[in-house]
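I have a structure I would like to understand better, so I am pasting it below and will then ask my questions one at a time.
Letters are used for the chains, namely A, B, C and D, taken in the order the chains are written, and counting of residues starts over at 1 for each.
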Amino acid sequence: MTLGDWISQPVNWVFSALGLAVVFSGFRVVTAKNVVHAALYLVGALAGTAGLFLLLSAEFVAWSLVLVYIGAVVVLFLFGIMITRAPTGLDPALDTNRKLVPGVLAAAVFALMTWAAFDAFGVEQITSAGVATDNALLGESLLGRFVIPFEVVSFVLLGALIGGITIARRDLTPVEEEERAAV
Amino acid sequence: MVTAMVMAVAEGVVQAGDGGFFADTAGIMLILPFVAFALIMTVGKRLPYHGGEIAVAALAVNTVWATVLFVMNMTGGVLDQTTFEIGSIGSGLVFELGWVVDGLSIMMYFLVNFVGLVVFVYALGYMHGDRRLEWFFAAFSLFAGSMLVLVGAPNLIQLIIGWEGVGLASYFLIGFYWEDLDNVRAGNKAFLTNKVGDVGLILGAILVGVSLGTFDLAELGAAAAAHDEALGAVAVAGGLLLFFGAMGKSAQFPLHIWLPDAMAGPTPVSALMHAATMVTAGVYLMARVFPLFEYLAADTRQLMVVIGAITLLGIGLLALVVDDIKRVLAFSTVSQLGYMMTAVAAGGYTAGLFHLFTHAFFKALLFLGAGSVIHAVHSNNMSDMGGLRKEMPTTYWTFVVGSLALAGIFPLAGFWSKDEILATLGQEGYITVMWVAVAGAFVTAFYMARCIALTFHGTYKGHGHPHESPPIMTRPLVALAIPSALFGLLNIPGVSLPGIGSFTEWLAVREVVMGDHHAEAIDFGLAAIGLAAALAGLALGWLVYGKDAVTQMERDRFQVPLLYPLLRRKYYVDDLALGVVGATTGPLARFVNWTNNYVIDGVINIVGGAVKWLGGLVYNGLDQRGVDGVFNGLSAMTDGAGSVLRRWQTGRVQQYASAFVAGAIILVVLFVFVV
Amino acid sequence: MMEWFDSWGLTVIVFLPLLGALVMGFIPSGNEDGLKRTALVASGLAFLASIYLVLQFDFGASGYNQYQFEVTETWIGAINASYHLGVDGISLPLLVLSTFIVVLSVIYSWNHWDEPYNPKAFLILMMILATGMNGTFVALDLVLFFIFFEVVLLPMYFMIGIWGDKTPRRIPGFRKEYETRLYAAIKFFLFTLFGSAFMLLGFLALYFESGDVSGVRTFDIPTLTELGATGAFTDPTFAFLVFGALFLGFAVKVPMWPLHTWLPDAHTAAPTVGSVLLAAILLKLGSYGFVRISLPILPDEAMSWAPAIAILAVIGIIYGSLACLAQTDMKRLIAFSSVGHMGFVMLGIATLTDVGINAAIIGMVAHGLITGLLFFLAGSMSHRYHTREMSRLGGNIKLLPIIGGILAFTAMASLGLPGLAGFWGEFMSLVGSYNPLSGLPLGVFRTSMVLGAVGTVLTAGYMLWMLQRVNLGEPSAEWTDHDLGDADRYELASWVPLIVLIVVIGLYPRLVFNSTTEAVTSMVEMVFGS
Amino acid sequence: MTLTQFLVIGAALFALGVYGLLVRRNLVLILLSVELMLAAVNINLVAFEAFLVTTQAIGQVFAIFVITVAAAEVGIGLAIVLMIFRNRRSANVDDLSLMRW
């Protein structure tokens, strides 16, 4: 398949737009000078990812991503940013000033993975394009073959829930104790 | 007139029995002192005599046992050996402990126990009120036990155990007053000098034992008599090594340096260990392995005789110039050990051992007498004594008996034994050495006359009013004076006492074929020469010192230029030995330590530092973009490897993460592209 | 019961301490008595089990490559590594020594703690250490051996690094001062890791080569031993490299000159019990490795390395003794003495004769008892004096008669006094080197014998010197008003058994020989064909 | 549509995550970077599923798992950040040098 063939498929236009959006948002996530902006760019990146999932006919996963991530996780992040009183304005001290090595390393990772992808798969087509995954199949798989991991994950979530509360809970200072008692 | 005396039992000269109950249980003698040691260490503090009574009781039982054996051996000969295996190795190496009951060991049992008992009793009085009495008696018991283990040894291994055991006890007792580090140093000197000799003993034992396949002494003797080939191959080297061990313990020149210093111990210790018994262990060893020298290693004799001769005359001369009465006796002991060693080396098995036997009594007597004097005047120096003959009659007379016996005056014990040595030397063709020995007899008599004159005659020069020691100390003197006077009669050449034979025959009761060379009759001419030399020495000594000079300077009228300083400095042997050891060991040790810390460790530290520095350089170089990084790296290098190391170890999680990612990338690249 | 013990007794001995550590994990650190008792029970049971093992041991059937109480279970099937434990006459004394010393260490720890205290962590580390040590002596699979060998490393690293000596020390080659414990711990760790990395390479090489020669790749020590005896690993380059790799691994642990420099630092910095375990048992892992793995599997190569080993051993003897004479720190002196004593052990092994190897094993046992006791004493003394500088000590025997007396006794034992345990190892390795395996250069070994014997004089020299400076003389004035307190009952309870054993083995070495001689002799016969 | 194009997007996102992880000093931002990397993983998983079409939609199932675990991770991670912030009044990793010797 030549580049021409590739561009002639309309779906690839959609893909390109989404991909660029994802990469751009991702780039801003790691470079933004403002913490809130970074979190918001993450929303962009994740939304783009969800779009890519839709292209791959994984509807359930796409919407899960939107709901769980954009709906819950990012909100959590924003909470975290507020609570830790990270400077919401421009903050030059947000990054370390040693960017060369991480840059090189990241580039190397990208190069390596890209090379691996081309080397292994070249331009092979995706077979299931356009056929939406049956959600029933997904459900059966989740609660059938993968039921034990499923349960384990639920425990992990529970653990994380309890753990998060335990870790983040603050012992009241004596003054606060008194205040609470007074109320 | 040489007689190679063949195994007495085989020839029917003496009908040896197996000793019955007393021989079977002779091991009790070896064990009792150790039991006493343990008891004294545990309950000694609570007893009225601080454990002295336990030690005396143990030796008393032992003495009874030894005396019974001694008498049995006199009348019928006793030959027995009992061993227990304590371990063995597949290739036939067997280690055993046990006890030998034969002529030689019975003589030593009797000697050690009898003299030991007398000295222990004496010590009850001498040490009364001293500090750490229980430790004194415990260590003394330890010595007695080790000595018995040594003389009862059926094999070289047990002999080595006893050998080092007595060395240990000697170390403890020389350094008995360890608050003063000088005494400790004397103990160290003794132990280390002995240890040098022990290298010879251990290597000799290995050579002989491995070639023979056994460490058993009886088998060693038998193999030597049978001219065993394997043994013959190592006989000269092994014999010399064993002799080297004997030189250490029996204080032969030049390993004699420890013995005079060993006088730092309490006087009973000097009497029992550093005169009567322990120092004779070397002679005993030479007698035990006598067949080796007789049959296989005769080549070594010349050397051994010469060393003995140097010791007997050279070290004897040193006794002329010292002021410390114990040191006079110590030098005398070394000299007498030279006699014994010369005799045994020359082939005079009986002659050497007989001198060992008689010497033990009169030298112990002399030391105890000296102790009695020291006890009275609270000083070791003869310049603080004088005129004690009236205040201390018993001490005086017994001391005189001992001195005359030592000098070799007829008919006291020393006369007979010394005469026998002279006779053996003469008959074996060591004529020069014989004359050296005669000269030695002269010197001996001379310094003993000097000693008596300065100590007991003239006027008292010390402080306070000395008076005779209590009976608990004087009675042991008498108990030793009697054998000192009479025991020479046990071995008059050619005379066999009715019913009991002679010392020569008792000693000959051994399991192995022996090769003793001894005189069959008295050589009156030689005896006269020896006696004349001794008398001349006595007379000259009396002439010079009898008139009692007032000061030390005048008393030592023999301040011959060159010779006097030479003798005072003990031929510089001590200085040389200490100088060499001090000049080499210390710097060598420091050098080794320095190498360890700076060379070996230095290399390791530098490698470690360099690796970390390299890491730092790579990281910082990349990080700080080229030239800057290099310069920083260089400055880091000058800053020392250590500080660079810290930079690598930043504690910054992200730097670690970078390293992790980099590592992962490298691994992937390796696996994908290289492998 | 009996049959069960036959196959699982060793597992019990090895893992009981670990079980104890697990139980202790659930005991709150406030409950010190509970912790100590648990540790004592776990180690004590392991010790009793090892005694029971000795009683059940068939001394008549401990020949070449013959193991008892064997257990073989599939473990990592993919690489054919199995859970294979077994004990023979060579490992039996060392196993008992190991369980024994651990019990004594627990007893000693009852009221002796180095800062920063924390008995729970310390005892747990000690129990893990015990499992590693016991396991190494009975592992019959190279992977298992390696794992146990390495398990020992971490607890000791933490013991030194956490409870060690905090005095700042200037390290030669470094600008700044570092805490002794940090330097020592890292040095110990890196050295041992360096060695064991090579050792692992050697093991892997054997694994693959065994596949090439016999068709089945195996880590099994008895199988490899058999292959070795039939000359399977005689390819010169291969054997040289493998033996060299194993040599590095074991020699660091022994330690042999010049790989010894971690030892003085580690010993000096380690807490008392750490030093004791280090000296008494950890060092033996190396020499045991030589006897169990290097010699039987690569006999031909062992013969060509033997002279070199002997020379290094003798250098170690002389060098260690001389270095002792330059020390000012009592613990460091004792540490250096280990270099000398282990030199005798290695000299014994290098002779490749049954005499020499027996000497090495009894030497290991004796060194474990004697040097262990010396470190106990040094630790107890520095607890009291708060210094190890010999120039400040002196007159110890007057201040602390019992400790001083035991110190004198132990020093005598350490200098190889005949009649005490230390003598046999030294004497017999000299005997062995007089008559090494035929084919070995006589000159080298006999020179080694003479130099080794001279080394005993130096040993006596530094031991007496130490006694003179530490024990004898008048005590320094600075201690006059101190109530130092002589040995307490816990100390005595942990020392007296050692003293008794030193005397008993000294007078009756058969206790050890009875177990070792058949295994060693038949091994030497089969492997070196003497 | 080719498989590779999705993998490249995944790789890019992952590399960006690595970069962020290594340069960001604020702990919250580091967590954000981790989320990016997880998203990259999800893209790969789903893309492979679409390419291979397994009978049980394994790729998508795993993506769901990843999302879930990521949610848990964010919860815990933020809690830890919160606590560190409380104790040290800072959410910068540079200030956390406890591991330094």
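Heads up, the rule we're going with is that contacts are C-beta pairs under 8 Å (C-beta built on N, C-alpha and C of every residue); 3 or more make two chains touch, one makes a residue touch a chain.
Quick caveat: nothing in here was measured; it's all calculated off a predicted structure.
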| item | value |
| --- | --- |
| Shared chain contacts [chain A and chain C, defined touch] | B |
| Separation of mean Cα positions, chain D and chain B [Å, integer] | 82 |
| Between chain A and chain B, centroid-to-centroid distance (C-alpha), Å | 89 |
| Averaged-CA centre spacing for the pair chain C and chain B, given as whole angstrom | 35 |
| Distance from chain D to chain A - Cα centre to Cα centre, in angstrom | 6 |
| Multi-chain contact sites of chain D, meaning residues that touch two or more partners | 18, 21-23, 94, 101 |
| Overlap residues in chain B, where contacts from two or more other chains coincide | 654, 658, 661 |
| Interchain contacts (touch definition) - all pairs | A-B, A-D, B-C, B-D |
| Chain A to chain B touching residues, read off their complex | 96, 98, 100-102, 104-105, 108-109, 112, 116 |
| Interface residues, chain A side, partner chain D - complex | 1, 6, 9, 11-12, 15, 19, 22-23, 26-27, 29-30, 35, 38-39, 42, 45-46, 49, 52-53, 55-58, 60-61, 64-65, 68-69, 72-73, 76-77, 79-81, 83-86, 93-96, 98-99, 101-103, 105-107, 109-110, 113-114, 117-118, 121-129, 133, 137-138, 140-142, 144-146, 149-150, 153, 156-157, 159-161, 163-165, 167-168, 170 |
| Contacting residues of chain C [partner chain B, same complex] | 171-176, 178, 187, 190, 258, 261, 264, 319, 322-327, 353-355, 358, 395, 397-398, 412, 417-419, 423-424, 427-428, 430-431, 434-435, 449-450, 453-454, 456-458, 460-461, 464-465, 468, 471-474, 507-510, 512-514, 517-518, 520-522, 524 |
| Contact footprint of chain A on chain D as seen in their complex | 1-29, 31-33, 35-36, 39, 42-43, 46-47, 49-53, 56-58, 60-61, 63-65, 67-76, 78-83, 85-86, 91-92, 94 |
| Sites on chain D touched by chain B in the complex | 18, 21-23, 93-94, 96-101 |
